[in-house]
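In the part that follows, the structures are each spelled out as structure tokens.
The following pair of complexes shares a single chain, chain A, combined with chain B in the former and chain C in the latter.
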Partner chain A sequence: MPFDLHFIARLIPALIEGAEVTVELAILTFAICLVWGLIVALANSTRGPLSWFAGAYVQIVRNTPLLIQMYIVYFGFSMAGFGLSGFASGLLALCIQNGGYVAEIYRGGLQAVSTRQYEAGRALGMRRWTLYTVVIIPQVVARIVPPMTNQAISITKDTSQVAAIAVMDMMKVAQVWVESSANTYDVFLGVAIIYLVLTSVASVAGKLFERRLAFAQ
Partner chain B sequence: MKEFAPLLHGYWYLLRGAGMTLLMAGAAILPATACGILLAMAQVFGNRFARSAVVGYLFIVRGIPLLVLLTFTYYLLPLTGIDLPPFWGVVLVMALYYAAFMSEVFRAGILSLPQGQWDAARSLGMTRRLMLQIVIFPQALRLASPPFVSLCANLVKATSLVSIVGLWELTMASREIVERTLAPFQIFLGAAAIYFCICYTLALYGRYLESRVLHGH
Partner chain C sequence: MLEVADVSKRFGTLEVLRGVSLSVAPGEVVVVIGPSGSGKTTLLRCINLLEDYERGTVTVDGDPIGYRLDRRAGQRVRMSEREIAAARENVGMVFQSFNLFPHMNALQNVMAAPVRVKGIPRARAEARARELLTMVGLSDKVAEYPVRLSGGQQQRVAIARALAMDPKIMLFDEVTSALDPELVGEVLAAMQQLARAGMTMVVVTHEMSFARDIADRIVFMDDGLVVEQGKPDQLLFSPATDRVRAFLKRYNDRYRI
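Entry: the complex of A and B
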């Protein structure tokens, strides 16, 4: 029966416990990707074989499904003798895939600053350090915040796929509860609302950050 | 090469799975595009009520993972008494989900046309319908085509999720072969290679379209 209050009272703590895993995965993935994506983007902007590797990495991870990447890490690595836990495999696959997307966001941000900005800074007699910290980086950051916010939302949603490799995130908790209780409506509403709250928090945080950086536009 | 023997035995099965993936993606892309265009028009030309309805729809769809919607459709469809085969249930959910993202692409296409195009059409005395038909839409669709194609690649990748709710396509086929051969690394890499061929082709086509948009014809 839908909207059974006793059921909901037991369901909510369980879902929140799952949501903690979801949030943990999302925050770790986003933090790691911010660094890893920058490394890939910088490697991509060099000349030579390094850039070729970085470019191939970005194309390969962006054009294959996250779920398959998770299966390769989770099942493939354990077959090869160094098995990772479900959580670690999920995190690794999430970082591998989203690192490709984040690298492209960095690349777009760097390309969007015109070379005239560099020339103007140099013409004013700025040192390299001052040029980057005062002129270039603020403009890049201001440009990448909106797509990064979208990526954070997308990562939050992507974490639901770790349910397929037996991690007890919110999605998996919901599956277990639906199968054991048959109270599908309540579980669905609960999960949907919590995901909406999580993605909205990411979106609002991005907007606030964007407003603080408005001076650089 | 002996390590890749399982892949040689299973490749035909994988390719059949890929055929199913393409069928599913194609079946979802057509209604998703139609709904996406309708949503975009409602948001650009609609009254306040239509606009806020679309905004609410986008908020909900963009905040909830596709996997959650797929899983619960799978559980809810039998409960609601709608007699829909699982294939069409999944296609319906994917189409409605991607319609939201398509609408953003088409809306951006319509809004990025310069004001001069609207003014010129109006000053030639065109009716609203004629103006949309021969001035606005052809140009907006051309502008929207590169992101549209990359969205299609995303949709192809997202079809892998339906294997979690038990439908047979490329990811499910690869899991079945892994269960028989116990060679997860090789088989999942093979599946990833097939996904890559499909999605990278789309990505290259998108890049070609983009260069055409940027440099005229």
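Entry: the complex of A and C
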């Protein structure tokens, strides 16, 4: 029977415990991807074999399902003899895929700054470091905040796939509860609401950041 | 003040500058005219090394900018990035497309390079920036971001920004071509004022009457070469070469009402 208050009262603490794992995974993934994606984007912008590897990496990870990447990491490592925990495998797979997306966001942001901006800075006597810190990077940051916010939201939802490799995130907790009770509807509605709260936090944070950086209105 | 010696530049197989020499005296205003594609923009860009070039050298006040002659090897060597950046401080450049920094307001645009390149204390740089913005008639727009400024206002901020580095010479590349006709005047007036104040200037323009007013000397370029140069009235009204005559005729035909 849906909307069983006694059931919900027991459910919520369990879901929140799972949500802690979800949040942990999401934050770690996003933080690591901000760095890793930048490295990939910079590698991609060089000339030569490095950019070839970076380009291939981005294509491969974007064009295969996250779930498959997760299985490959999880079972791959355990076959190789040094099994990673489900959490570590999940985190690694999330970073591998989202690193590709984040790299593309950086690339788009860098390309959106016209060469005229570089020339204006150089004509004023700026050297590389000054040019980038004063002129280029602030513009790139302002441009990439909205797509990065989307990515953070997408990562938050993507973490639910670690349930497939037995990590006790919110999704896995929900599945366990569904199996042991007939109250499927309450469980998944509760899960949906908590995801919505989490992604809303990311969304609002992104908007605030965006507003702080807005200069072009 | 400015010595351009035998500069040659090609884009692939296209020879855009074919041995251009030009010297500009301190306080002199030289206007460069010529047909589209003759290499005027490329010449200005070579002067402060926004383009590399294959042959020739440029010096400002005796100091090389871009390439230095190595006497022993008898060869040109490219200066280091640090030296080139330092040399560029002496050359102010104003672009056709303004190129203000969109994330900074007018004041910040003007202050950025003095503070971050020259290390001038903020308070002093700000006072100077306000002074320059007042000089170009924008004292009420200091806090405005570029998108909120008209083209003419943006271009005047760009002029103030270049002046803030205290350059020895200013380069202007068709700085009014992207402007609505009614905004051209305010930018030209700012340049006039600068010329009267004794700034050394190289000005590329298609505005012939302005060229005549402001120039000490007009240089006519065609096909990557300086074809003719002289006093404004002489070059504009009794040119020595057919190419200048043909250019002026085309120009007059186009703008006669």
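Criterion: the second predicted complex is superposed on the first by the 215 of 217 C-alpha atoms of A that agree within 3 Å, B and C clash if a C-alpha of one lies under 4 Å from a C-alpha of the other, contacts with A are read in each partner's own complex, and residues count from 1 in each chain.
Everything that follows uses one rule, which is that contacts are C-beta pairs under 8 Å (C-beta built on N, C-alpha and C of every residue); 3 or more make two chains touch, one makes a residue touch a chain.
Quick caveat: nothing in here was measured; it's all calculated off a predicted structure.
Would you mind checking which one, chain B or chain C, touches more residues on chain A?
B
Quick check on the superposed pair: does A:Ile153 touch chain B, chain C, both, or neither? Answer first, second, both or neither.
First partner only, chain B.
Let me test your reading of the model: by the given contact rule, A:Ala192 touches which partner, first (chain B), second (chain C), both or neither?
In the superposed model, A:Ala192 contacts chain B only, not chain C.
Looking at A:Val134 after the superposition, I want to know if it touches chain B, chain C, both of them or none. Which is it: first, second, both, neither?
second
On the A-aligned overlay, A:Phe75 touches which partner chain: chain B = first, chain C = second, or both, or neither?
Once the two structures are laid over each other on A, A:Phe75 reaches chain B alone.
Which of the two partners, first being chain B and second being chain C, lies in contact with A:Glu119: first, second, both, or neither?
After superposing on A, A:Glu119 lies in contact with chain C but is clear of chain B.
Check whether A:Ser51 is in contact with chain B, with chain C, with both or with neither, and answer first, second, both or neither.
neither
Chain A residues touched by both chain B and chain C?
In the superposed arrangement, which is not itself an observed complex, chain A uses no residue for both chain B and chain C.
Quick check: in the complex, which residue numbers of chain A touch chain C?
Those residues of chain A that touch chain C are 116-117, 119-128, 130, 134-135, 138-139, 142, 213, 215-217.
Residue numbers of chain C touching chain A in their complex, please.
The contact residues of chain C facing chain A are 48, 50, 81-82, 85-86, 88-89, 91-93, 95, 97, 99-104, 112-113, 116-118, 145, 147, 161-162, 165.
Touching chain A in the complex: which residues of chain B?
59-60, 62-68, 71-72, 75-76, 79, 153, 157-158, 160-161, 163-164, 171, 174-175, 178, 182-185, 188-189, 191-192, 195-196, 199-200, 203
Given the complex with chain B, which residues does chain A contribute to the contact?
The touching residues are 59-60, 62-69, 71-72, 75-76, 79-80, 153, 157-158, 160-161, 163-164, 171, 174-175, 178, 184-185, 188, 191-192, 195-196, 199-200.
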